[in-house]
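Notes to accompany the following structure.
Each chain gets a letter, A, B, C and D, in the order it is written, and its residues are counted from 1.
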Amino acid sequence: MSAPICLISGVGPGTGSALAKRFTEGGYRVALLARNEARLAALEKELVTAKGYPCDVSDAAQIDHVASQIERDLGSPSVVIHNAVGGAFGTFREIDPSILNRNFQVNTMGLLYLARRFSPAMIDAKKGAIIVTGNTSALRGKPSFAGFAPTKAAQRILAEAMARELGPNGVHVAYLVVDAVIDLAWTRERFKDRPDEFFIKPKAIAEEIWHVVHQDRSAWSFNVELRPFGETW
Amino acid sequence: MSAPICLISGVGPGTGSALAKRFTEGGYRVALLARNEARLAALEKELVTAKGYPCDVSDAAQIDHVASQIERDLGSPSVVIHNAVGGAFGTFREIDPSILNRNFQVNTMGLLYLARRFSPAMIDAKKGAIIVTGNTSALRGKPSFAGFAPTKAAQRILAEAMARELGPNGVHVAYLVVDAVIDLAWTRERFKDRPDEFFIKPKAIAEEIWHVVHQDRSAWSFNVELRPFGETW
Amino acid sequence: MSAPICLISGVGPGTGSALAKRFTEGGYRVALLARNEARLAALEKELVTAKGYPCDVSDAAQIDHVASQIERDLGSPSVVIHNAVGGAFGTFREIDPSILNRNFQVNTMGLLYLARRFSPAMIDAKKGAIIVTGNTSALRGKPSFAGFAPTKAAQRILAEAMARELGPNGVHVAYLVVDAVIDLAWTRERFKDRPDEFFIKPKAIAEEIWHVVHQDRSAWSFNVELRPFGETW
Amino acid sequence: MSAPICLISGVGPGTGSALAKRFTEGGYRVALLARNEARLAALEKELVTAKGYPCDVSDAAQIDHVASQIERDLGSPSVVIHNAVGGAFGTFREIDPSILNRNFQVNTMGLLYLARRFSPAMIDAKKGAIIVTGNTSALRGKPSFAGFAPTKAAQRILAEAMARELGPNGVHVAYLVVDAVIDLAWTRERFKDRPDEFFIKPKAIAEEIWHVVHQDRSAWSFNVELRPFGETW
């Protein structure tokens, strides 16, 4: 079983699925992590080389459990993409504080658990990549993102601390700052009046992650920002 | 009881005590929050207008409880300084993951609880200040700060979201980025060979916070950075 | 003549005049640099301890010339505030390229000339301050500020390079990022419909600069940001 | 003549040549701008589809002149890469001030001239790319880069103002922040004791620029950072 392995957390209908397709097409065997078993089953059917593993990434024990399964089924992932995300909308006075805490568990602690579990094999192999999909909330606190932005900022800084440590070990950590609304059924519904060019395409995000994962190691990016050409920023 | 009230969380021997002195001297009645009762008792003796309230700021119920006591004893704080901090040293592989989580509860969730409990009265009064003492970890992830820096980044972005919301309500939120080692007994011991000018003085930090709290409202600072003149940055 | 000396470039009706008043009131003898002789004469009449020196700060020879006069008349400045500014409005396609170049000469080269001429005496005295008044253009390129923002970005980075070099020599360099429209006759005219709180007061900016110049040297700020409480940012 | 045209300024032995090769291999006809005619002649011999145009990019008239030649010889460039750079080493007290000014003319004014001359055709075509090669000096002022960093900061902010304006017109502006020493004969000589992995390869930079130029327009990067895997940052 010599195909490289790519693990993707948070395989929803958008970026996660597009990533699964891109890495499958690129010759990877793909391990999909999500809490939703039905979604995993559907993707397994669509992508013959992908395999789903039900998992809540905010739980280190569950990650450890599926990691063992993945290693037995497929082998050690050389690419781990933390795409699972807990979100929220509301000011600091509107949200239930437990929301901020929950998002921290998924977004930041989840990254820590994944990196602790999977980086040792990458370090041994002197290669590998850990990619985190984030957005501008990681850099800026807008009032209505009080229950979310802090956890993305924490996630980005954790990724940066990991990048500095893992880089010299041959393991590439990168953080994607997506500065746009992703093109999904529900966002199309919510932003009905916006033109096509308002949205960033999941496929384009996946393509960029594929590129970053395969950058020449003399020229790695940590911070990767993406926005549609028409975006006002 | 017409003296203004200042609440300070995390009253250790450094910045917290210096803040307590500065605001006491400036005519405030000061409420001190800390888990260590002995320390609170000692400070109460030293500062006649300060009153200690044992409290773990990572626990919303405890905050709510002491808030009621403070309001009864002193009145509503017009200044809240979140100086309590959970720290750690170690790379993401070295730390126990629970450390990162614990620091998030104290540093970020604690800020959220304090702000939710005390900002409504400030909004009603159309004035007040919430100040958070942070450091460069909030902006940069160094490998050995993996268990700490993410929580300061989260704290800073939460403060920013609050600042944008509370500013137009007359409530000033500011974040101090202290880019230096604070001058304390234990840091002097640890950095024995460093000259005086290597350290930032708690008294100078307190003076700066006093200044920020009293800035003309046509010219407020959110991000406030401080470093000793000799610091290489 | 034991009063400290403060040099201010760009003494217009706003920040420059407010600075002249604040430092005069604080016991400084003030040297005012501006190209407009009538304005200098008016300020000299108003502030008895201030003295005007006609000077185009984009011309190193003129700076050298007035510097000698100031040293003879008043002594060596311990505080230099570069407040002169060349501005412009227009996209990169709309502006005359010579505008960008001209603004660079005033904003950035002017700072270099002032710092080269006045910092040696500060270094010898092991104290002093060089303050630059800037704004958010230094951090962000908006389309209509293409003829201006690049020169403020250059100015800020030059100030930063100077700060790192002069700090350990006891000379404090700071950069003010004013994130607001300054309250002046012409801005009131232009933003007629805005409430008082939309504007930042020149007096408040001057007060802040006074504060920064006199910070304890164990706790200096380089980047100083100011905005009105009601500003949306 | 249906091949797309790529213009590259500053074609030295490093990034410029690597870019010329990459775009030639990718099917572009390449126009090379440099002051050194011998170098241009050598590259023309090596790359049959590349054509050299002697030009000092700090001179708008020269740019206008060669632009007309290029349009006549090859057509309108859809890709313009501003790689010409004026550098310097020294603190603000050590450098000759004219150095800072000269670097501004090449790095920042040169970009303005190129963009003004070539963007109108791109806007008409609703596509094209303007890429600027920069480095961390654009973000940080170190003492010894006082004659250089300010001009890169200016260049980056000018590029940002252009990006925001040109993006909605279908023209992609991106800024490369190279955080490393480029692998060249003279840098190898200067950093003799460093291992291979200390250096960033010109070929890898060229590959990244090729990628950015061809990003899907729903997912463009403005800021692109690159560093070798072993870089401590």
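One rule holds for everything that comes next: contacts are C-beta pairs under 8 Å (C-beta built on N, C-alpha and C of every residue); 3 or more make two chains touch, one makes a residue touch a chain.
Everything numeric in this text was worked out from a predicted model, so none of it was measured.
Trainee: Where the contacts of chain B and chain C overlap, which chains show up?
Mentor: none
Trainee: Compare the two sides of the chain A and chain B interface and say whether they are made mostly of the same residue numbers, over half shared, or of different ones.
Mentor: same
Trainee: On a C-alpha centroid basis, what's the spacing between chain A and chain C, in Å?
Mentor: It comes to 46 Å between the two C-alpha centres.
Trainee: At what distance in angstrom does the C-alpha mean of chain D lie from that of chain A?
Mentor: Averaging C-alpha atoms per chain gives centres 32 Å apart.
Trainee: Indicate the residues of chain C shared as contacts by at least two other chains.
Mentor: Each of 164 in chain C touches at least two other chains.
Trainee: Of all possible chain pairs, which ones touch?
Mentor: By the stated definition, chains touch in these pairs: A-B, A-D, B-C, C-D.
Trainee: Applying the document's contact rule, which stretches of chain D touch chain C when the two form their complex?
Mentor: 60, 91-93, 97, 100-101, 104-105, 108-109, 112-113, 115-116, 119-120, 137-138, 140-143, 145-146, 149-165
Trainee: Where on chain B is chain C touching in the complex?
Mentor: 164, 167-168, 170, 172, 183, 197, 199-201, 203-205, 207-208, 211, 215-233
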